[in-house]
Amino acid sequence: VKPMSQNWPQWTQVSALLGDLVQTLSERGRAVLSRSREVGDEPHLSLVRMAEALLSRRGEASGVALAELLLDELTRATRDEKLEFLLALARDFGPDLEHVDAALEAYRAEPGLVTLNALHEASEPRRQELFRRLNLARGGTKALVTLREEISRHSKAEPDLACVNDDFGHLFGSWFNRGFLQMRRIDWTTPANVLEKIIQYEAVHAISDWDDLRNRLEPPDRRCYAFFHPQLADVPLIFVEVALTKGIPDNVDELLTLDREPLRADEADTAVFYSISNTQKGLAGVSFGNFLIKQVVEDLKKERGNLKTFVTLSPVPGFASWLAKERTSESSSILSEEDKATLTLLDEPGWETHEDKVSTLHQVLLHAAAGYFLVARRPDGRPLDPVGRFHLGNGARLERLNMLGDRSPKGLKQSHGLMVNYLYALDHIEKNHEAYAERGEVIASGAVQEHLLASDRPQAAALRLSRA
Amino acid sequence: VKPMSQNWPQWTQVSALLGDLVQTLSERGRAVLSRSREVGDEPHLSLVRMAEALLSRRGEASGVALAELLLDELTRATRDEKLEFLLALARDFGPDLEHVDAALEAYRAEPGLVTLNALHEASEPRRQELFRRLNLARGGTKALVTLREEISRHSKAEPDLACVNDDFGHLFGSWFNRGFLQMRRIDWTTPANVLEKIIQYEAVHAISDWDDLRNRLEPPDRRCYAFFHPQLADVPLIFVEVALTKGIPDNVDELLTLDREPLRADEADTAVFYSISNTQKGLAGVSFGNFLIKQVVEDLKKERGNLKTFVTLSPVPGFASWLAKERTSESSSILSEEDKATLTLLDEPGWETHEDKVSTLHQVLLHAAAGYFLVARRPDGRPLDPVGRFHLGNGARLERLNMLGDRSPKGLKQSHGLMVNYLYALDHIEKNHEAYAERGEVIASGAVQEHLLASDRPQAAALRLSRA
Amino acid sequence: VKPMSQNWPQWTQVSALLGDLVQTLSERGRAVLSRSREVGDEPHLSLVRMAEALLSRRGEASGVALAELLLDELTRATRDEKLEFLLALARDFGPDLEHVDAALEAYRAEPGLVTLNALHEASEPRRQELFRRLNLARGGTKALVTLREEISRHSKAEPDLACVNDDFGHLFGSWFNRGFLQMRRIDWTTPANVLEKIIQYEAVHAISDWDDLRNRLEPPDRRCYAFFHPQLADVPLIFVEVALTKGIPDNVDELLTLDREPLRADEADTAVFYSISNTQKGLAGVSFGNFLIKQVVEDLKKERGNLKTFVTLSPVPGFASWLAKERTSESSSILSEEDKATLTLLDEPGWETHEDKVSTLHQVLLHAAAGYFLVARRPDGRPLDPVGRFHLGNGARLERLNMLGDRSPKGLKQSHGLMVNYLYALDHIEKNHEAYAERGEVIASGAVQEHLLASDRPQAAALRLSRA
Amino acid sequence: VKPMSQNWPQWTQVSALLGDLVQTLSERGRAVLSRSREVGDEPHLSLVRMAEALLSRRGEASGVALAELLLDELTRATRDEKLEFLLALARDFGPDLEHVDAALEAYRAEPGLVTLNALHEASEPRRQELFRRLNLARGGTKALVTLREEISRHSKAEPDLACVNDDFGHLFGSWFNRGFLQMRRIDWTTPANVLEKIIQYEAVHAISDWDDLRNRLEPPDRRCYAFFHPQLADVPLIFVEVALTKGIPDNVDELLTLDREPLRADEADTAVFYSISNTQKGLAGVSFGNFLIKQVVEDLKKERGNLKTFVTLSPVPGFASWLAKERTSESSSILSEEDKATLTLLDEPGWETHEDKVSTLHQVLLHAAAGYFLVARRPDGRPLDPVGRFHLGNGARLERLNMLGDRSPKGLKQSHGLMVNYLYALDHIEKNHEAYAERGEVIASGAVQEHLLASDRPQAAALRLSRA
């Protein structure tokens, strides 16, 4: 893969293409609209009636126009009207029950692949076809992603919307298949309307302003990559920020500081993924991160043969709250009473600035962290840490625990400053993933395991450890 | 829509993008391949086992690599091996029957949307997910389209493949949704590798060489448009050739002759669709033509306000064989014995060059043609002519019958030279389509209806005519 | 001209092309370099000797390599070394005097077009050919523009450099001919590395940050256009900022305020050029502004037929200092003693915030301003105001004087807040230009002339006024 | 340099850009035109008067419009009117003689750089500024190149046009400086309107049709490169066709045959330049070939490390006519009487098909050829062969003489089938060029020299040979 920054301009083309691809609003649509409205006995055709029309014969003849019309109306609808429409999708656009009954009857009468297939088709909710027809419109894909985002506002209050949400998820999983995505490098020659989305959606280490942004994009030892879909061409669906370094960094400050001296790209031996962010709530559940990281690893390997190590520098968002509980637990399998006593230092504000307190805490805190990752589990057997579940599920290895890797208020609050590195070693990813996915094993380096065993305790021997 | 030719270069970009989008073959894939083969107890992993691997845990971790591997093998497979693989897809990659039984049981126990949805999911053939995972690979979409094309070679001998074919059709209907297609103008600045596909796939009036091609693309009164998909960027999926004319032409020779004087684009009042061709057998059943014609009509209207009439100049492929039967039928409701006698002139070779014979045949032949379109029907109530079914189904109107519109050997053979015009009047398309789709009515102009009634016959009055 | 924003992506292409056009540094160059250095009896080949080599036989064979080498060295040279090189260009790379003498002799012997042409060629400074050969190198054009910029640092101390400067000017006038420039719209989809140059080079109303920048680019009633040269593809050579308004604005605050409500583009009837900035000192004397403004006028006219008026809202940088002198002049032909008395209000800090003071000053200040533009002159007969000379020289008309059009400290300081509008009426530009260029007439609207005459004074009648 | 074919789409962009760069014809121009014509006392403003207007004050104000107008008129002018205009350019648009006289006077009075520079400026023909102003128009550059092409039709009949031709040459040498050119790969994804120019302008081995063209572009062992100028974006100014081979080929048939098996690109060790063609007569004298070949050598070296040898396979257009004279010369220093006797075989039609005749001729013909290259000279000391002068002047070495390298009728006629290889060894190019340019030496391989010396003759020793 050639240097991707050079391809950026090619990509921005796609953005222009879209304007074309989705075409200008058809005059037909306007005509249909005015006619529909004249015949309507109400102030305006309801969204639901337009949806039915789109699924009808008229939809076959004038699908593009009707779809544009409906999406147009939807854009202008109030929040309440949108909710009403979504509820109607849940209620009235499920499978056609008569068809289902007939198909069931036929399958019972003569079970087989043909009747089963007919049953499968009959049980497809009508809204699936509705969504496909809405996608005929210019900007249809974007509108549908936005519509699903609307569901998330009501998911608790309106459990019936779950089925609509699932149908969207199924559809988007197919439409946003990795095969349809393009990976693009984001750099300082990227159009501003794309860059502002990077600022807006950065979820891990907030970008304060355009200077901060440039500092993450322009230096020769910084990279940023994103996935794009041809139909949402100026929207990075997910992006990852990368630092090229010498050795594996143990804290994020040295990566983000504005006044550092950049490394020449050929001096680096390590690529560090220090931030990965999804941008579209409407695409929740469609997994991009796994593919993005692995693609970047492959491409960087080809572009710079000197890069040997691919790791993350990751936050540990669940550590502090877990530790708080563990410290009060009387039956902790991880913390001894002595450990708990030592950990009270954490309750002293500003402990992180006292060298001696830090020194005292060092061994115990990392021991606790090792326990958090290697021993503690959710009821379903998965690790507690959400970031951990993502990277371990990708087949990465927990490589190192970094005391005070993030001294920001957020970092201290969520994990007492702890950060960790996950290692992406392509040759082991498959095996790691299988061990994790099938047996719930957390693959960790010897160093991490040592932290757990370090304090010589009897129970340590009994821990179910995976030794990679 | 701005002049699309100027956008062509933008489009060719997409082609370049694809090289990027689908990335270079991963070294991982190669590694996986060699490893897989080492452990294999046979000369090579069978395609089926690779497909199972892709659907397994390993597929989650190494989907891209495994998908590329499988498609790579598939490319190298012999025709027999491919058939075997397709049959295995039919046999072994249907729905998981245990899941289906359980879902059926649950639905019986508690019928409702949730259990019905579970039943829908359980009855999805496993190959659907397999296809989605194969699409992770570079060039996956193209490979899948090619694979489906393979089915068409065996469809008669192997009826079991029908279900695989249907699953492909369902998937492609979603992936090649019109919302994902781009319409592009094809002209003389189009890359040669795209243009040669126009020559190759022209299905109506063959293009003899590059001069003939240029003659259809370069003059100011000629247009050609095609739909493209981002993932098959140098392949026009369907294309339509258009002539801008003064008035509605009644024969194709004047359109295609090389030595005509081109019209200035602003002198034209009519756009004539004289050829429309699909290119991908693997996309059979995914309908593009309807959308393409209507999009071209909308765009041309915007680009050139002087264009008022949008018609086709179409062949009538089923006319001659129908007429042969009708002439021998003793109970023809359309041909009188006198008509039959007149029509024997058609059996005299070279009749089309004798002015008097042509003159004698004129009224009778057009009367027969009107009957062919307006009266004759297939058992399902649809018109006999396949081209007619396409345009009438789109909501076009049968506008005019043209005696000797095509004097080529092919034209004389299939329709005694008859050509017809279908009119695309956007304001009536919806109504026409409904009349056709719901009541089987053939919408025809008064002039065409006159041909039917012209010979004063009692039965004429009884004909079920649709008067637009 | 179609909406230019859509073309931006096309333009960014050019940037990528350049990487190609100027190619990667030749290995040959490196080889030549090392060889040249080996044979050198000094630490390094002097720039001058390399320049001589480039003009020699070796330059014919290895021009590209030698040119890259020289420019490479020049980049690394200290400021003193650069100056030395420039002085050598002045001293040693003028015309070949022997050739000149011979050509003079020949012309005297036989005066005629042939000998005169030979004389013209012989008198060309050798550095002209040197510059052309340096342009063979990748990035040569940019390097030469930068080199000329260096001259401006020394122009006073080293008058000998004037001839080098002139030769550059002559060359750049040809290379940066308007026919080789592309006008591009700058908007919010423009690459960030171009946008930051807009922030950097805005010379009239400073852009405080990226939000301010967006405020000038993104709203539907704002435009920005720039000229680019294919060889400096990411550098806007000159750019103009435009506001679309209803009516002619009389102050700049309402244009620049961040919290205004944007106008819909189709509601505007006026396009206001409120800032125009050159970016390259090295291109001083190559005039772009005239062409840029007229091109924007033509394009906006085509794009938006509702735009009828094209004006500037311009500063008056020389007014305050002129007025200061005029107020102390005993023989002012413009200010009466009464006027001078009134104008002492200007010496009271904050006068602009007192409605009554402003009201008192109004007539007198605008009278003075009219005199500044219409009566006062430089020794060469041109108006005193530099901005005025630019627009009047372009054929624009002085349309309106705006009291307190710019209340910023800078505005108050340079012109007591005065701003003016120059009107670009394409139909009168030629005539206006001729009147200005040949007879020194300042074309002004009746309203402006009224300000001059308003105070009924005898001398007014005698003023040399141009009545457009 | 990355594979250039991928960049092609980027390039075609430039073509689209041009449409923009040169903008749509200004309405102003039309207005000016109609006004100019109204005031004209003749049917239309003469081209000359428009040229004067463009150089006047009006040209300053309305340069773009006037330039477009003039070029518009010029397009419509008859051949005679064009000639008249060119003659007027020669006659009336030379230097301003009054200015020249004054400048001469000043220089005599005070000789120095300043007065000399003034003299240089005064002696510039006025048409140079006229050409620069004409370039303001859309498509100006192309129109000027076309205008110069017109001169070549009259160069013999109208010697006065020589000075106009020279001025164009001077200007184009600056505007088409290699630094402004882009090298692009031409392949099968190139737009058809560019490809047809390759067919049209191929000057060495004619391309018979599009299949022949594809055969030279599409196989993996074939390349074609061209230089383009941003202002003539769809016109390849010069192009070179390259074959990648194993070893140096000795005949052109094996390169051009349609039924050969292509080599995989990584199997080749040699790049053969077998055809190089200029396309624009209007750019005669502006040398591109030298730069193009060297750039291709550099790029191919980088792209394919396995390529070690870069040679041409070249015709010898002057050989047969020289040999005919030499055979009748009584004082030939190259041919002995025995040689002459042997060479009578050449007079027997079809000799090239008789193995024994070919065998007999072999040594003598190659001896003669060596003499043609190494000994024979034009009065100015340069070699006789025009192709040889080009490559030797570029610093290439005459590497090998190939008996019957081109058996086509043209090949047999011009050189008895002889072809030669010139070797481009970058490390020796500079030295070779110097030897050739300064001392007239023809650098040839030992093998070629052997051919000269082979027939043991006394005079051989005295030959002025250059031994590389």
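Which chain is which? They are A, B, C and D, in the order written, and residues in each are numbered from 1.
Please note the rule applied: a contact is a pair of C-beta atoms (placed from the backbone, for glycine too) under 8 Å apart; a residue touches a chain by one contact, two chains touch by 3 or more.
All figures in this text were calculated on a predicted structure; none of them were measured in a lab.
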item: Length of the shortest touching-chain route, chain A through to chain C; value: 1
item: Chain located farthest away, centre of chain D as origin (C-alpha); value: A
item: Distance between the centres, which are taken as Cα means, of chain B and chain A, whole angstrom; value: 39
item: Distance from chain D to chain B - Cα centre to Cα centre, in angstrom; value: 49
item: Centroid spacing, where centroids are CA-atom means, of chain A and chain D in whole angstrom; value: 58
item: Residues of chain C whose C-beta touches two or more other chains; value: 6-7, 9-10, 13, 16
item: Interface residues, chain A side, partner chain B - complex; value: 1, 4, 7, 10-11, 13-14, 16-17, 20-24, 26-28, 31-32, 57-58, 60-64, 94-95, 100, 104, 113-114, 116-117, 119-120, 123-125, 132, 135-137, 140-141, 163, 166, 171, 173-175, 177-183, 230-231, 291, 294-295, 298-299, 301-302, 394-395, 426-427, 429-430, 432-434, 437-438
item: In the complex with chain A, residue positions of chain C that touch it; value: 6-10, 12-13, 15-16, 19, 188-193, 195, 209-210, 214, 234
